[in-house]
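You will see two complexes here that share chain A, one where it goes with chain B and one where it goes with chain C.
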Partner chain A sequence: MTFNRVLTLIGLAILIALPTFIPPYFLHLVIQILLWAFIYTAWALMGRFGFVSFGHGAFMGIGAYVPALLWNYYDLTPWIGIPLSLGISVLLAIIIGYPCFRLKVVGHYFALVTLALSQVVLLSLVAARDVTGGSLGFTQKTVGHSWYALQFPDKGYFYGIAVVLWLIGLLAWQRIDHGISREALEAISEDEDAAAAVGINVLREKLRVTVISAALTALGGAIYGQYIMYLNPETVSGIAVSLQIVFASIAGGVYSLLGPTVGSLLTLSLTEGLRVWFGANFIGAANTIYGILLVLCIIFMPQGIVGTIEGIKARRRRMAKPSAAPSNVRT
Partner chain B sequence: MLSLASVSAGYGSFQALFGVSLEVPKGEAGGVIGPNGAGKTTLMRVISGLIPMQEGVMTMDGRPVGGLPAHRMVEQGIAHVPEGRRLFPRLTVEENLRIGAFIPQARARFADQLDWVYTLFPRLKDRREQAAGTMSGGEQQMCAIGRALMSKPKVLLMDEPSAGLAPLVVQQVFDLVRRIREEGLTVLIVEQNVQQVLDVVDRAYLLEVGSIKLSGSAAELKNNSFIRQSYIGL
Partner chain C sequence: MDIYLLEAIINRILLGGVLALLALGLNLIFGVIDVVWIAYADIVMCGMYALYFLYAEYGVPLPVACLIAIIGVSILGVVVHLLIIAPVLNSPPLNQLLATGGLLFFLQSFATLLFGTDFRNIGVRLPILEFATMYISFARLIAFMVGLIGAVVLYLFLKRTYIGTAIRAIAQDRDIVGLMGVDQRRIYLVTSAIGGALAGLAACLLALQYDVHPFIGNTFGPVIFMICVLGGLGNMIGGFAASFIISQIIAIGGYYSNTEWSYVLAFTFFIVLMFIRPRGLFAR
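Let's look at the complex of A and B:
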């Protein structure tokens, strides 16, 4: 445990010192990795219990667009715009979640409903062309360095914000993991009726985790939008983004605290690495390889990368200590 | 203790229960028997709040509890051992029991309840680290009953506890029911195994096509010629 603590401290120290010694391009990558890691972690809060949402692109899109639109049209500071976008996401999560959970829409059906949600938000953003700029995208009015507008030309600021955000995501994960909600949600994911029969308020527990997950995703989308300063329906919302969230989280491992973060690290370095490596030579090759690797990952490591490593470690520990408890199906 | 008066319920437009009335006095065991599709499981699910009651009155210790959702029923002291056991198969035995003590009152007494359940069923203690889904049918039934007992219920509802078990294990399950009765618990049990259930309950009801056709003490029903012909096969 103390060893782990030392490692954590060293990791945090490196994280704090990072912007002072790496070139801007890599800092840009790290910021993106952290922001996406936050969003993936937010998704995994519900994904790990088998509530697979293909609708998180919608929450991210709302998070990104609402503060930006309010800023451009009404000069409203993101400090108000972001909480508003969170509120709208929560409302939407309840509007979708409540009937789904009430009517026991689970598994594939739940995935389909949320997939539709992604598409509805995407199409709305594109259709409201006069306001959102449609498929051409949308750029916030720039004012230079400003806390009021939450705009910082110096990447160091966003790096700091991204680190804090990421830590908030991990904290939220820990809170749920160590709380009684985890027991309830685990029971619900195994058997909803049986969970209700032992006194778990199934509807409330599911709605709560969905709302938390949606709000955090919107927050991630908002900060991402503030950082990138260019919003496009296809890159911050819609099915493509929803799928990216699902696959990267699963590839990293939804059952482990750092799984989604590793998923983000891996997918981003992979896309960037392949893009730089192939350059303009084989158009599409990078995406193909990326897709194949992702599929292999999911087939051969259903617990995700972090989950698989943890499983191997646990097996070693058990072999070293034969008196340990008999094996359990879960790792 | 638990009393139902003219309770009706169903699924959508399909009505499964027509004005069912029954009474389980404190400390007694009641049995509901009847053929497949008579509405026995529906009755259990209505009492435990998993299916909403459409009409009628249901009281627990004189307080009306009809229409409460399932998680509130547990707080009223009604615990349900569902048909087919319905354990959380990938969780360990002890995790299953821990979730059985989910409601706040039970959570506070978790350690005591766990000791009690382990004393009642020592086998569960041996298997505490095992994934519940990997145990034998009889052990799973034991775990399902243990999980329900963890909420320290006043009334235990058991839906077909002997279903799908080997004859020898069925015997063991009914022994478990006797042990639970000795602990002073009130029990309502639904069974197709008429002969066995009439040996452990005080009073029984025959449910056919959604309504009570016959009721009486276990001894009366055992000697009733209709029951003997149709359900015991004598």
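Let's look at the complex of A and C:
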């Protein structure tokens, strides 16, 4: 058994035992960190290959709102509502993704098209205020503890769900990282035409990773909605959420498995910590510092925190063993 | 034709003038420096706050306050260039986009921290003009006229002056221009200053019509990007025309339904057009 595997097992054991010994407030924080980490990981599936989407707020919004609306108006269980919302997100991802990839809308243009997508979903949610409650938000009908309604007043259940989701996210990341797709997608992000010339089906590879990313984001949004039990267009969709997803993932590092998780851990603890520290009198103080850190991060550590640490480690290792060929160094 | 529809269309053409001004500024910066300033609308927000405090709080006469605001935002443009854009000039385009996105976060939250989330109005009440039973906002008429004048002055500056010619040259080929003895860094600074000044001018015009609050950039920022991309990033005349097209879609959509749906329509129109003409409406 390798050292890393032992570390992983210890980490998992701590994760499982966690709800028994930490107070509810911290449990709430940990659940949020895990759920956002899942969403950031889902975004990083695309983001690491240079397909920077500012539209993930749209998928998250759909994921959160569709099951909630179906539950309130038609008493439809989230067990059907959530797959439905995933389906809608995937459909939307294909409607936007297919023409984008087909017509080679890349870089700035892709970012701005997806930005428009997140505005479309946000404004639709606000505009349909008769159904969604608009900017005032939307609250699901509560029924107490129920597996059918996927509502648990006891945070322990959601903690379990969040851990499982997070592991699913990491698994998806690893599957793509170890699969043949990664080589193909890396080639595409370097040079699309050259990738196509060596026989990579550019359109299919890009569309597949986009669909997976969108579906996982919607799933994260749905569970987040079930957990928070209050939806607001501004907090589950739109540009602000899209930017939050992009920045936290990048700050943590999109090139490493745990990068987005570290991004989620750092940004949420920073926001919460600063909020407790400054109190309610200084709304905006936390985000001000956050904004400065983001800019610094992108200027000085474009690989993200985890990526930078790994880079330093790799350099040390190479210095210790000068004969070893530089491996695993990605730019 | 319905008189109310006509009124909506005219009022929107007038608002289109201000959007055109912002599209010009953003396009200038993109064309010359090749960086998209996601935070451009938030720099406008800073200008609106400057005008609000100078005029409404400290009682500086309006024209002087406007002038100071414009100069202030112009300096802000230079500072942003030096602190944030210059270090990432040679990074991948997406990192540049993200760096200015971080600036957006910073400006919005810093404004919240300093000024709170209150809506503030500079308190200038301009009359509403009645013209053939249509009501037209005088503030918008002024904004439109000043916007047009600003565009013409910018055009003359770019066409007639030495530095304007250098700016246009750099937009065409940034490598050769260096060989011709033009200092790129100086041109970048001048461009950022002009971009900032245009944002400041737009801020003064917008402050006449809207309340200022920390998140006002979110209400028209995305629209400006849409306009610039539709016109073709870096294409000034395209951006100018696109701002009127988009404002008409919003006007007509808003007339038949409410404002949010009209924006949904405009953004959808944008996405569809990106697929039909991926390099902008007026790309050759």
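Going forward, the second predicted complex is superposed on the first by the 323 of 331 C-alpha atoms of A that agree within 3 Å, B and C clash if a C-alpha of one lies under 4 Å from a C-alpha of the other, contacts with A are read in each partner's own complex, and residues count from 1 in each chain.
Here, a residue touches a chain if its C-beta (ideal position, glycine included) is under 8 Å from a C-beta of that chain, and two chains touch if they have at least 3 such contacts.
No experiment lies behind these values; they were computed from the predicted model shown.
Chemist: Looking only at contacts as defined up top, I'd like to know whether chain B or chain C touches more of chain A.
Modeler: C
Chemist: A:Ile180 contacts which: chain B (first), chain C (second), both, neither?
Modeler: Touch status of A:Ile180: first partner only.
Chemist: Give one of first, second, both or neither to describe whether A:Ile168 is in contact with chain B, with chain C, with both, or with none.
Modeler: In the superposition, A:Ile168 touches no partner, neither chain B nor chain C.
Chemist: Contact-wise, after the overlay, does A:Leu115 reach chain B, chain C, both or neither (first, second, both, neither)?
Modeler: The answer is second: A:Leu115 touches chain C but not chain B.
Chemist: Quick check on the superposed pair: does A:Ile299 touch chain B, chain C, both, or neither? Answer first, second, both or neither.
Modeler: second
Chemist: Thinking of the overlay built on chain A, is A:Val211 touched by chain B (first), by chain C (second), by both, or by neither?
Modeler: neither
Chemist: Once the structures are superposed on A, label A:Val105 by its partner contacts, choosing first (chain B), second (chain C), both or neither.
Modeler: Touch partner of A:Val105: chain C, not chain B.
Chemist: Looking at the complex, which residues from chain A come into contact with chain C?
Modeler: Those residues of chain A that touch chain C are 50, 52, 96, 99-100, 103-105, 107-109, 111-113, 115-117, 119-120, 123-124, 126-127, 239-240, 243, 246-247, 250, 282-288, 290-292, 294-295, 297-299, 302.
Chemist: Along chain A, where are the residues that touch chain B in the complex?
Modeler: 180, 183-184, 186-187, 190-191, 193-202, 325-326, 328-330
Chemist: Of all residues in chain B, which touch chain A in the complex?
Modeler: So the residues of chain B in touch with chain A come to 48-50, 69-71, 74-75, 79-80, 82, 86-92, 95, 98-100, 102-103, 106-107, 129-131, 133-134, 147-148, 150-151.
Chemist: Which residues, counting only chain C, touch chain A once they are in their complex?
Modeler: Going through chain C, the ones touching chain A are 36, 84, 87-88, 91-95, 97-99, 101-114, 116-117, 214, 218, 222, 225-226, 229, 233, 258, 260-261, 263-264, 267-268, 270-271, 274-275, 278.
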